[in-house]
């Protein structure tokens, strides 16, 4: 594996010009995750719309510190989440997680992961996998928390 | 080194028929020493006669448990001590100790050590050195204790 | 590595090719006292090492040596991978349901002390304090006795123990009386290193759990010799040590149920065991790192991984069967020597492969020394189980102990050596 | 083994033949990412091992492997002899007046925890209790910080610390204020693993002794790099770790003044550390065995003995001079890179061979990863000294660290790699 294969142009682009970055209001839930071994951190806000199966991610905003992999991964994730249903958002998280833990042996689902496919190479670097997952774990946590605090049948966000 | 060189006939003789063995009274001092790693133990009694530089070992009696090396070594020691002055007894102890710690590189003083020369081979077996020394350390300890309790100018033993 | 093949070995269990196994252990070719082939009957003290283990360690140092965790460079990733794979191998070897419950220590002794210290510092219900009771047995190795004595002294708890019968078995008749609601922990040896007895630890654990006690099993002498399955053993905590099971020195294992290891507080503080640190305080890493402060014995863990892989390749059931047969053969042969008394079970039933004995009128030191001149390496002394010697009124014993590479021919050499000892000492 | 010869080396100190030294370290020939020669700049995490050490360990396992102490058979005598000779070698290496004050542990971390735990359990004056104070510094590795935090929490003592100046030195201005009659122990790092600072430990010890405190020096990063003389250092206790000084993993050392080690109570309980044992209680062995419970890391200690013999052969003053020169060269070359900031002393005065830095706008993970692709192995993160990172407002740094085998050519490779990192990340 070479530097270029890990640091694909698409990753560097997201890192240099992250999408959806910056914290915005209103939001339904804010979570804060850290990666104590490398000091990386993220604050993630999620704004939902609709209810039940129809719940859609209206906005994802975030701020934080981290390496190019974690920053690009979060930026790519935000692109994938905004406009998707929560269910779709969880599915893509599951798919991405599977890819990251596959030690480079798992073929990515290109349709579903879109730009996130560029991160496939990270799976071969166990020490970097947690960088790539930082934002995604925050997302999953946010969903668990917000669905825990909102009735499952779902009143619309006030 | 062979078994015969370590277990010389003279050692086996002392082991089978130890000299001066058994505890006798009267005595000036009794000491008890153990070798915790192998469970060996000895009780040693010393009876002195005379005073000052003239103090002579009148009797050495002992009882205990131990391997052939420790038993034979004590028997040989008793032979050397009985009738000697305390000063001579300490000298022979020093000489024997030097031999034992010499890792087989030290030539024994045959005149002074007499039968104890048969134990020279033990010095090559660090784990057995403490067996050979058990009785001797008890002797040295006994002298230190008894000279500590008797005036240095030396009243004769009552 | 050697798979047990179908060709007949020298004695031992049918189908077990002990000569092929022996070829994997270069140290067995050693000569002592000039020209005497080494007859190594001291495996209970430490085992010899197969080439596969030495090669795994050497390969690590020659190609992958780096500190583990947190590195992004190639060697650090490789070292981390090898170290954590070793944990996976050990988890499989003991059938641990959860690899994160396998904690690497430096030996059994540290593993046991880890539990004793953390129980001193724990919250209830695991905290040991005044009025609590600790139950051990008279058969323990000092490493599973002294930590509990110290714990009792340091906390005001009371140390109690199960005795030993004349035939060298645990005396379970007082078990119900000794197990009380005050019992916080029962620490018991699986296979005695001095008597050879295999103890009914599953039954003891069942009854200990009825009174709510934790159960620690010292598997130092079982892991190398018998199939060990922590998922059915019944213990909450299991300790064993690498150097007795074909691995390097400097590595041991504490396995524990996740719930217990999570509830106990950290032991040693330092690098690797933390989550985040400020000057005032720290939070602690998840299992297993919580208990692995500092740079771990990396090469040694990798060696242990290779060792359990090797043992699994030969087959633990096959090893157990082979050793059983060698032990039975030895018990039979020793019984015929006049003036020799076995200390411990004299039949091969529920019995490991350590055989202690005394010879009338001949001190164990002399027995051991004369055997050594004949090339036969046995251990003499109290074998770090002095209370067992005291129980039998002995200062010490001679112990022959066998391993996967021991042959009945070596037992014959022992017996011949003992005959010669008798000749010399009459 | 290589003696430093008079032929010119690649950079470094005059007369030091670094290429000859490198030939002793087979791992340095490794290629990574296909065809990239390894440039190993991570010696502060762990050193590579010279062939002499690997051979000493292998020779032990192939020819002398047995458990130590108490054996009368040939291998046991040989193993014991080799193990105790290793202690002699280490005693000579640190100029310890008394070989029995050299205690083998599994690493520095255990050595430091041994002191922290035994001070919790000691009698006065060494006992740490409520109201007592423990003085550390903000520059400590977690292994010399967390044990003292835990000791403070467990005993009610108060943890205090010396800060760090902007230039990466210990701020001694408050030393007199922080040292009080309540100070029971001062624990201070000799050479910082993250900043590279060499601390004035002799002066600190002198002042600590005036208030009656014990002084522990964490010499993990000095023992491998500088002549270390415990007889003049001023410390009461010194900890260091084998794997950073050319020895195997799994071995460390606690040296202590006899009086202190004798006064502190036992730590781990078990085999080898006892004198005699009954079921109720035990008496303890004399130093050093009192602190060496269980089967020690035998092969690892023998490896450490070979390592210090190797280092002495090359010459610690020559190694220190060589590393000083490489460090000076690196500080100069790094200073020329735009947007790179050294964290720690920027001149080679009173400075060890670890150099931490950050690059504007580029995360250390990315720096480390891209360097790795170029074959350059550096460490990134908080280097187990998170409070130092916090002090400088950083989540992490990149650290290049040098050893006796590092060349200025390798520093050039680092600098070239960093230029390429800047190209990629702009």
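Labels A, B, C and D are assigned to the chains in the order they are written; within every chain, residues are numbered from 1.
By definition in this document, contacts are C-beta pairs under 8 Å (C-beta built on N, C-alpha and C of every residue); 3 or more make two chains touch, one makes a residue touch a chain.
None of these values were measured; they are calculated from a predicted model.
The minimum number of touch steps linking chain B to chain D comes to 1.
Relative to chain C, the most remote chain by averaged C-alpha coordinates is A. Taking the mean of the C-alpha atoms as each chain's centre, chain A and chain D sit 40 Å apart. We define each chain's centre as the mean of its Cα atoms; on that basis chain C and chain D are separated by 31 Å. With each centre defined as the average position of its C-alpha atoms, the distance from chain A to chain C rounds to 47 Å. Averaged Cα coordinates give chain A a centre that lies 82 Å from the centre of chain B.
Among the residues of chain A, those touching two or more other chains are numbered 37-38, 125, 128. Looking at chain D, one finds that residues 33, 70-72, 76, 274, 276, 365, 369, 380-381, 386 touch two or more other chains. The complete set of chain-chain contacts reads A-C, A-D, B-C, B-D, C-D. The touching residues of chain C, counted against chain B in their complex, run 33, 363-366, 369-370, 373-374, 380-382, 386, 389, 394-396, 424-426.
Listed in rising order, the residues of chain A touching chain C in the complex are 34, 36-38, 125-128. If you check the complex, the residues on chain A that touch chain D are 1-3, 6-7, 12, 16, 37-41, 65-69, 125, 128, 131. For chain C in complex with chain A, the touching residues are 69-72, 76-77, 80-81, 274-276, 283. Taken together, the chain C residues at the contact with chain D in this complex read 26-27, 30, 32-33, 38, 40, 42, 45-46, 48-49, 54, 57-58, 61-63, 65-67, 70-76, 106-110, 112-113, 116-117, 121, 138, 141-147, 149-150, 153-154, 159, 161, 241, 243, 248-251, 266, 268-274, 276-282, 293-300, 365, 368-369, 371-372, 376-381, 384, 386-387, 390.
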